[in-house]
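Each of the two complexes below includes subunit A, the first together with subunit B, the second together with subunit C.
Our next item is the complex of A and B:
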């Protein structure tokens, strides 16, 4: 009794701070319970429950060619985007990393500019650029004297170009984080010891940014899996991805078992991928003071 | 040596130009088509006219989509910002390190899940709660997408602030709510503002929640763009697209300005 009264009230004791914090968390936890945990649990139950005939929906997904087709479309566009994003993103991030400040700002701003305009405008802009009479085709046809336009819209190429454009800022920022963590003096040290610029880059700088490369690829891949607007606008009938059939399948045709199985599979893949990303990009450091 | 230097400079200049062009030019080309006088989505635009803007602001379907977008984005921003701020503060002041870590993971998790799957998972729940086709339903789904962004934005500012001030206020006699309202909120205001900007941008650009949850009554601008592209494919979609892009850019500039201001006043706000 007396011991409690003697303790100064401003002492950062568990009593004052520890318990009070739980009260602040109540609204957020309630929202996540109602808007996230409940719906996902419900979906999981539906996917385990809703047999299609005698088959589990997970088996049905793996045995029916339509779903396999859609899944492979998703995998191809996501992998393609991941690879192109890395090939474009690494030199971009490196340029931002080594450039003098005013130029660095220009490149960084142009990348952030494309993020700020949002996904819808970017996807729609590529229709104008990639069409048969689009800007890119006009340039290609006059430069190479082509008779026929190159088909870039309503196929996989259009989807990957559009998705790369959307994902590039995330790739670049992840890579920049990794590059900033490379100790300043290591590359000059390698140069002093006789390595040429390419050798120093390939044997010292590149390996040190490998966690960032893997993290950026992982992030691009899992985000690309869930893309809707870009494949819907720039892809053709052959590029239908998993998330594009979900609405027709469930609200349209009432096949919730299949829809739930597809969704749960994607969610599990994405959460596992995100866990890898977090450990690679060291996001956990965010809460360490 | 000097030749290599020059070659390097030329190559980097070309590369720079390419990055700037690749990142920004598509948007500018798209925006230029929104002021075309013609009927097709082609570049260069066919003359100059504001007719497609007149279309999207006069046509009742575009106009209601626009209004729905604004109402929904505002609702989403209020809900996500309020919840995210309280949550970030709760996480930061939790006593136990493991608990803090677990909470961060829990609240960031929706960021990793495909939005379309989340919207789909919400459909049966919202059908039971009678939220399908309402502004609130769409806004709540988008608030779920935005919540991690607000939490991260506010946590980032908390890391740079001295929360001992809250304890000082408590010592001087402020209750927990008064201390939060008059000390903590002003301290975190820049992070909260950035979070709000991100929430608004997320909602304004999102099409997954409207696809599943908007019914026929709460369709937003992005949804109307997809419908119009499938139906007519005329340049009105580029006018709508440009409106979304301008809103995004304005908000982004605002967010950047606010977080810069907070960087400059690292010690704390001028208020106090």
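Our next item is the complex of A and C:
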């Protein structure tokens, strides 16, 4: 006698098991296709199609000094923001990590509280603080008896200060996550083996948070490449970023071909940044396994 | 591992090795908020001695070890290591080796770098470091694993790395925090022997935390039994097992039948108690009752299951007997565990039969249970409410 397979009537719960559950990917994939793949493809087509005369817009982006300067400006500001975020964020995250739980929550919330204010008002508030007659300059001038105010606005320093302000919570949260994954006993174990607090930190704790450092840096860098408001408010004429020039090229002048080519170039830079992160992270992984 | 000299006690074979340092803990207390994790613990571990801190979780044994290691600060009391006051010394200046429960190996470093870490912290480098690493690697069979990362090792291998790392700089005191709890049974038995052999070979002082009474019994020179943040008793495994001073110790170390008895008569040479078997006389060495407990006082008789004998032969040889009905049989190969209930008193007895030739009893069968009064210990009855 052969067993007769029992085939239950169809029921929606079957969509929760096996290959049928892949159906839940459809809305997400559709959104990505419509909102991301299609526009990017379009962008790519426009950039390839938008030749000015016989000159490819890519050639213009990669040879004309204005675009190179804007790209390098954007990259330097982003890199500076990334480094300052790490230098300020790591000690902050470490302090939060070692605080007793109730205080940890209070400090963490105060870090996140800055998100209650939008990027625009935050950028403008830096003008109040950093301007020639601002709070910081008045304090510096009276403290060090300076005749001239220190220029902190409308230059790269101002842009980096403003962008760091926006990106710092991201960095702190990423680092905190990495610190939470460090097993509790490793630092005490290092102490029992003769390591003082500093060496236990540098030789045991810090290397274990390296994945978080890399992830935080990558995220800060890539996100910073796309800033518009902060450099527009706090940067000078020399701090034009790619996003600002893109807006000018496309909305202002209608030069869609070169705008598209510049956009694609920035996407490639982002992908390169991500690739560096992935390869570094993978080296770390191989070391672990 | 096969070490020359399985002589009990210390057998230092290498004269260059350290010989252990005493650990003296006095009136040590630790409060976490208002919770008293450790209440005025006093314990003196002699040079080269193997002492286990045995207790259930929350008994304060790990707290005491952390205080000795300097991983926690004592609320009051003092710790002396090798005769030096270490109460407020940071961990790194106590010169202890420590093996953590989850091994706490550094995941980013190779096995070799892990073992080298304590040497590096002491400025021992180059050939000196190499030869020390080679020595412990040989001792713990780690030579083929030196280049690996901890995540590439099995649990047992990680454990040996943790031990190697703790002893590589020849500490005089080795602290072990439940080092076997993450291993499977066979490996546990093997590692027990290895730790014991290591102790005999290196002669260092060992403080060993465990919740497993068989580990404590097998390895220790002395056991400190802990409960609710207190050291309840400290003695050799033999003394604690054969002559427990309280029903808590009797039940915590090994299996025990605890049967209510009443004192009929008490004298300098011992006492007579009324028990399941009628009147029994107990030698003074086996009486742990309060000195004030005289006639009429209630106590508990401690009877190990292996000291109860099933009497197959019909006629008694003078030893007291009682009739009981078998309610459970657990066959273990080398022994059979019976649980039997006495009809009259409704008391339940656990018996261990190890004689292979003896006849087996089935559920519901009656048996005669014989007792040897020489093995009975009388301890105070539990107070109401405890």
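Basically, the second predicted complex is superposed on the first by the 233 of 289 C-alpha atoms of A that agree within 3 Å, B and C clash if a C-alpha of one lies under 4 Å from a C-alpha of the other, contacts with A are read in each partner's own complex, and residues count from 1 in each chain.
Quick note on the criterion: a contact is a pair of C-beta atoms (placed from the backbone, for glycine too) under 8 Å apart; a residue touches a chain by one contact, two chains touch by 3 or more.
Predicted, not measured: the structure shown is a model, and the values here were computed from it.
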First, second, both or neither for A:195, with subunit B first and subunit C second: second
Most subunit A residues touched (candidates subunit B, subunit C): B
Partner chain(s) touched by A:183 [first = subunit B, second = subunit C, both, neither]: second
A:168 touches, of subunit B and subunit C: first, second, both or neither? first
Subunit B versus subunit C as contact partner of A:39, first or second or both or neither: first
Partner chain(s) touched by A:238 [first = subunit B, second = subunit C, both, neither]: neither
Partner chain in contact with A:92 - subunit B first, subunit C second, else both or neither: first
Interface residues of subunit A shared between complexes with subunit B and subunit C: 287, 289
Touching residues (chain side subunit A, partner subunit B) in the complex: 9-10, 12, 14, 16-18, 20-25, 27-29, 31-32, 34-36, 38-40, 42-43, 46, 88, 91-92, 95, 99, 103, 106-107, 110-122, 124-129, 131, 133-135, 165, 168, 222, 225-226, 228-229, 232-233, 243, 246-247, 250-251, 256, 259, 263, 266-267, 270-271, 273-274, 278, 283-284, 286-287, 289
Partner subunit A, residues of subunit C touching it in the complex: 69-71, 90-92, 94-98, 100, 102, 104, 106-108, 117-118, 121-122, 149, 151-152, 165, 169, 175
Subunit B residues within the subunit A interface of the complex: 12, 15-16, 19-20, 22-24, 26-27, 29-31, 33, 41-43, 79, 82-84, 86-87, 89-96, 100-101, 103-118, 120-125, 140-141, 143-144, 147, 151-152, 155-156, 159, 167-168, 170-171, 176, 201, 204-205, 207-208, 211-212, 222, 225-226, 229, 237-238, 241-242, 244-245, 248-249, 251-253
Subunit A residues within the subunit C interface of the complex: 183, 185-186, 188-196, 199, 203-204, 207-208, 287-289
